[in-house]
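Chain IDs A, B, C, D and E follow the sequence of writing; residue 1 opens each chain.
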Amino acid sequence: MLRQIGVPVLALLVFCLAWEALVQVNGWPNYVMASPSDLPAAYARFWDLFLLGAWQTLWRTVAGLVLAVIGGMILGMIMGFSRVANDALYPLLVGFNAIPKATLVPVLALLFIGQHDFNTVLMAFLISFFPIAVSVGIGLSTLEPEYRDILRALGASRMAIFRKIALPKTLPEFFGALKVAVTLAFIGTNLVEIVSPHGKGLGALFLSGQTNSNYPLMFAVLIALAVLGILLYYGVVWLERIFAGWAVRPAG
Amino acid sequence: AQETAMPFALDWVFEGPAAPYFLAIDNGHFADAGLEVEITAGSGSLDAIPKVATGAYPVGFADLNSLMRFLDQNPGAPVVAAMMIYDAPPFAVIGRKSLGIEEPADLDGATLGAPPPDGAWAQFPIFAAETGLDMDSITVEPVGFPTREPMLAAGEVDAITGFSFTSTLNAERLGVAPEDQTVMLMADYGLALYGNAILVNTDFAAENPEAVEGFLAAVAEGWQDAIDDPEAAIEALLERNSAADADLEQRRLELSIRDNVLTDWVAQNGFGIIDPARMEEAIAQTETVYDFQETPEAATFFDATWLPEGGFDLSE
Amino acid sequence: MPDLIEITDVRHAYKTPAGPLPVLDGLTLSVPEGAFAAVVGPSGCGKSTLTRLVAGLMRPDAGEVRLHGSPVTSPRSTVGMAFQNPVLLEWRSILDNVILPLEIVAPRMPRRDRVARAMELLDLVGLAGFENKRPSELSGGMRQRASLCRAIVHRPEVLILDEPFGALDNFTREDLWQTMRDLRRQEPFTAILITHDLRESVFLGDQVVVLSGRPARTQYVLDVDLPADREIDILYQPKAGEMLHLLRDQIRIAQGRGPAQEAA
Amino acid sequence: MLRQIGVPVLALLVFCLAWEALVQVNGWPNYVMASPSDLPAAYARFWDLFLLGAWQTLWRTVAGLVLAVIGGMILGMIMGFSRVANDALYPLLVGFNAIPKATLVPVLALLFIGQHDFNTVLMAFLISFFPIAVSVGIGLSTLEPEYRDILRALGASRMAIFRKIALPKTLPEFFGALKVAVTLAFIGTNLVEIVSPHGKGLGALFLSGQTNSNYPLMFAVLIALAVLGILLYYGVVWLERIFAGWAVRPAG
Amino acid sequence: MPDLIEITDVRHAYKTPAGPLPVLDGLTLSVPEGAFAAVVGPSGCGKSTLTRLVAGLMRPDAGEVRLHGSPVTSPRSTVGMAFQNPVLLEWRSILDNVILPLEIVAPRMPRRDRVARAMELLDLVGLAGFENKRPSELSGGMRQRASLCRAIVHRPEVLILDEPFGALDNFTREDLWQTMRDLRRQEPFTAILITHDLRESVFLGDQVVVLSGRPARTQYVLDVDLPADREIDILYQPKAGEMLHLLRDQIRIAQGRGPAQEAA
């Protein structure tokens, strides 16, 4: 326990010290790189904006992720159960996934003009549904017939087999994908906030730091983003413990 | 002779208003001054200023108002404006006559589209104060850059803030006829602020004063050449940005010359220099929209040392 | 009256990329109500295929599988099955694994009754106290026991066991033979047991059916005339020894090598 | 074979037709959404720029990916062999990975001013090394002792065990991660091209479409990006077939 | 002269979160050169631990393991080992799997010679023609054969076999016993074989060592006085039957249940 908490905290300290030292030794001005010691002032001055921005970024990320879970599961089920659907959709999905989303932001912005929240949630969704769909699809299509037969031999319906076998069996893969997806959704939200600025979220705070040449603020936002990202990630880890704890390998 | 390398950081991608610098290269003005100039695109003034401040680029091109903020946040950074290019900043409010926007007073009760980090939007409160507008009566729609002009074209906003030579042309391409556009250049309505200037790294300038002087002179010549022959300027640009649309960029260039560079004041008093009294007023106006850590002196961000007395001559 | 399980001249082939693979060809087998048929045969000859046909998971290309005289066309809830690999659902406790068939077969049964039924069986096989563990926390033998409970929790008439003790060590296996014997005493059923252990077939079976190599047909049927209540020691008696030797020769034939010519 | 090629091609056709129909039926102008029929003209006019941009985007993506493979493997080896290093580094890496890279672009641009190629390659590296490091780390730390013992029992050195057992055993996980990483590296390259424009790559072409309000060009770049992304992805799939073919599940 | 393998009063405990778990406690065993010792014992009693000690993969807490009279402190290249799960490297062909030990033990041996040596063994165990297949393309029995070849390819003096036939069906297993016997005739070695199949221990062993339950010590040693060249049929003879019965009783004692009181 001590080690589980202590080692990461120590590592974080070392990292901050190294960062501070790097800046001090090179004598970099703020506009090259702010140092950790500059950050508390930035937080103190703008804490209300940080809270507001974090909240806006957070809810839109989570909303997009929820959509991605629903959409990804449906798509994954279609691909997992039908080989033709899989053959047809997979290359399209790979292609769509490969389009750098930065170029999609303006396109979306034009398509749904002025719907900032909608656009942001949509981007979070678009960037994060792919891994979920793929993992659910693979999970279902590689379901061992032995498992299916347990219930089939009793004359169970397809739906019962899906609910009682396929779904829970796929949960570990699903959560594995969700861990990737949550970071992606977060990236998607921020991408919109930066590339199509509309004054919301931590991305907007970052941009206002940039406009005013307030470099410590920019770095403070960066750190806040990292913290929020870690929270989201470990939120998913926590859900995984609860719902798919049986599949979590004991540490060692 | 030994050539001094002077990489030059632009604030934006290669568009019409950047053509004079390429023309200056092609016409040999930099080479004549013993300079080897390579021009780099940028992603905004906030990208160009640190490039010069860190010394990576001895010279750059950026908005003076952004420089004021930068020097306020980073006092003592070795960067200063050495030559004013946009005597009138391109900050503008563009409305549509068909939506009832003919003059500033019509903005009362209207919907205004503005991207939060937009430079023109940042000065809008000054414009509003100078024209007696009530900010509270205006509905401000935060829009992303990509959607600003389409929203105007679709009539979802009555007016937008933006650069005169960018937003007008974009809107025109989207089907808003020039006759339908009301372009209110903020400078025409009491905004004292200056626009983009040539920046120099002060450390570099202290060691190479002649190089800087030569550079500024070559820039002035480039602009004169561009005014004399815009087609040639655009040709020089197209060589560097082959995806550009020649007609569009030429109009952009001509608009910037007309509205921002060759103003009446410049025609009378010279190109590159500033009017100290106006600068004082600009600082005062800026204070109404930005909290200076310390009220600056004009001298901290504009230094005419490397300019000839009275600036350069620039004429049609 | 026909026997409970009647398999008549069944033929089956799998479609493979390299053309059809005949697996069963003229397999005939009949098991009277309450009897225990052990099926042995070379590896890969088609034993699991046979169980899938009886369970109604597949239909034969030709011939018939009948239960109680009526042809099997789809899975029936009166059949219980234990698979070659004891696939317990890792996300369910042992108890919930055993309950699973009841959720399908008797959806209205109150959970209380389901638990009571499952606990009764778990107790019988010596798993009382482990009902709340996850499958991964149990040893292979314990998992096999749980899998057996799952196969019979809904009181099937017919029990199909596909090498249920295949992966266990000999000592554990003998234990489970005895468990099986006790279960049968407690809750009578008709069973088909697939195995590759001749001693297992003799200890548990009322008849031992030897299948030929692929495609499998019925090659030999041995009636095991040992007392119904057997102890392991019976396998060390000359009578059992003879049967084992005889079966071993039949297997050699099934494997296509002819009976042993080695030193007697 | 017919199905493997035919079905995806058919799906692509259906997709294009649906897109065209969508645009036509809604009567959308170009600035809302260009339609497939607008694209050939854009390609014909700018084909040389497309080739140049694609090449610039491609080489920088691949360079970043190569760095990510090297860096990710080294990091993964450190984390896989030392539990303390793993405990210390993992949260830092999760945090770093969670920072939306769009905000990192301006920071990098400040740090390495004017080094556009370097910045772009660096971003491609930064965005894509994480999955490689994690997968190699997990692969090594979960290497079954049975495998190790095969060689240990012969008195083999640690290095020999790593080369002959651990490395090849981890290859399938490595390629799984590489499939994710290649798309990420591609996204990273483009992000820099869009957020910190410097006139290079397909991203620059996209931006010039945007400044000229040439919407068909924007969509043409989007499609070109998708195609390039698919090529990169299947390039990795092809490498996987060669080097870890033994682990590829037969389709079915 | 000392025996080739001498294990004297060995003690070993594993460190676990719940405190030390004593696994071996006073185990003594000695195998003369060229002999074949079969070790049986209850599941989990510490048999694999014993093999790891002999292979030098671990060192005992107390007592000594000696080969040729010198204490084993680290793995030696004169030892060959076949593991409980036949872990073949999936990314190598069968041939390259067999060659693996030579790459470590004889790094300068030309590939030609390595291949020749491996092919010789593959031929001996009946795998000629399969050398270029991947392990996943082979059946369990074939994989076990390949694993055996890998264990002896570098001509080890001592061969350690940890339940090498555990996961196979009985028929395949008997085949492999014969392969094992033939191998030994061809390339003599000294062997320790762990098994849970008493028939296997009697068929292959010169002596059978019964270990007690955990912590394991030597409980009983049986000298198998059957002819050196045995055929499977020998197991159906009364003499072998007696030994099997005797061993079975010893196992029951090791399992802590006392000898069988069941009907004779």
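We take it that a residue touches a chain if its C-beta (ideal position, glycine included) is under 8 Å from a C-beta of that chain, and two chains touch if they have at least 3 such contacts.
A quick map from chain label to UniProt name: A, D = NitT/TauT family transport system permease protein; C, E = NitT/TauT family transport system ATP-binding protein.
Predicted model, so just to flag it, every value in this text is computed and none were measured.
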Next on the checklist: According to the touch definition, list the chains common to the neighbour sets of chain A and chain B.
Outcome noted: D
Next on the checklist: Please report the smallest number of touch steps linking chain A to chain C.
Outcome noted: 1
Checklist entry - Looking at every pair of chains, which has the largest contact count? => result A-D
Checklist outcome for this item: Expressed in whole Å, how far the mean CA point of chain C lies from that of chain E is 31
Checklist outcome for this item: So, in whole Å, the Cα centroid of chain B is separated from that of chain D by 38
Item to check | Approximate Å spacing (C-alpha centroids) for the pair chain A, chain E | outcome: 51
Checklist entry - If you average the CA atoms of chain B and of chain E, how far apart do the two points sit, in angstrom? => result 85
Checklist entry - Which positions in chain D touch two or more other chains at once? => result 31-32, 106, 110, 195, 210
Checklist entry - Listing for chain E: what residues touch at least two other chains? => result none
Checklist outcome for this item: Touching two or more other chains in chain B are residues 46, 50, 54, 146, 150
Item to check | Interchain contacts, given as pairs of chains that touch | outcome: A-B, A-C, A-D, B-D, C-E, D-E
Next on the checklist: Quick check: in the complex, which residue numbers of chain B touch chain D?
Outcome noted: 7, 9, 13-15, 40-43, 46-47, 50-51, 54, 56-57, 146, 149-150, 153, 166, 170, 173-175, 240-245, 248
Checklist entry - Where on chain D is chain A touching in the complex? => result 3-4, 7-8, 10-12, 15, 31-33, 84, 87-92, 94-104, 106-107, 110-111, 131, 142, 180, 183, 186-187, 189-191, 194-195, 203, 206, 210, 215, 218-219, 221-222, 225-230, 232-234, 249
Checklist entry - What part of chain C is in contact with chain A in the complex they form? => result 52, 55-57, 74-77, 79, 81, 83, 85, 87, 89-91, 100-101, 103-105, 134, 136, 154
Next on the checklist: Looking at the complex, which residues from chain C come into contact with chain E?
Outcome noted: 42-44, 139, 166-167, 169-172, 196-198, 231-234, 236, 241, 244-245, 248, 251, 255, 260, 262-264
Checklist entry - Contact residues on chain D for chain B in the complex? => result 29, 31-32, 46, 48-49, 106, 109-110, 113-114, 195-199, 204-205, 207-214, 217
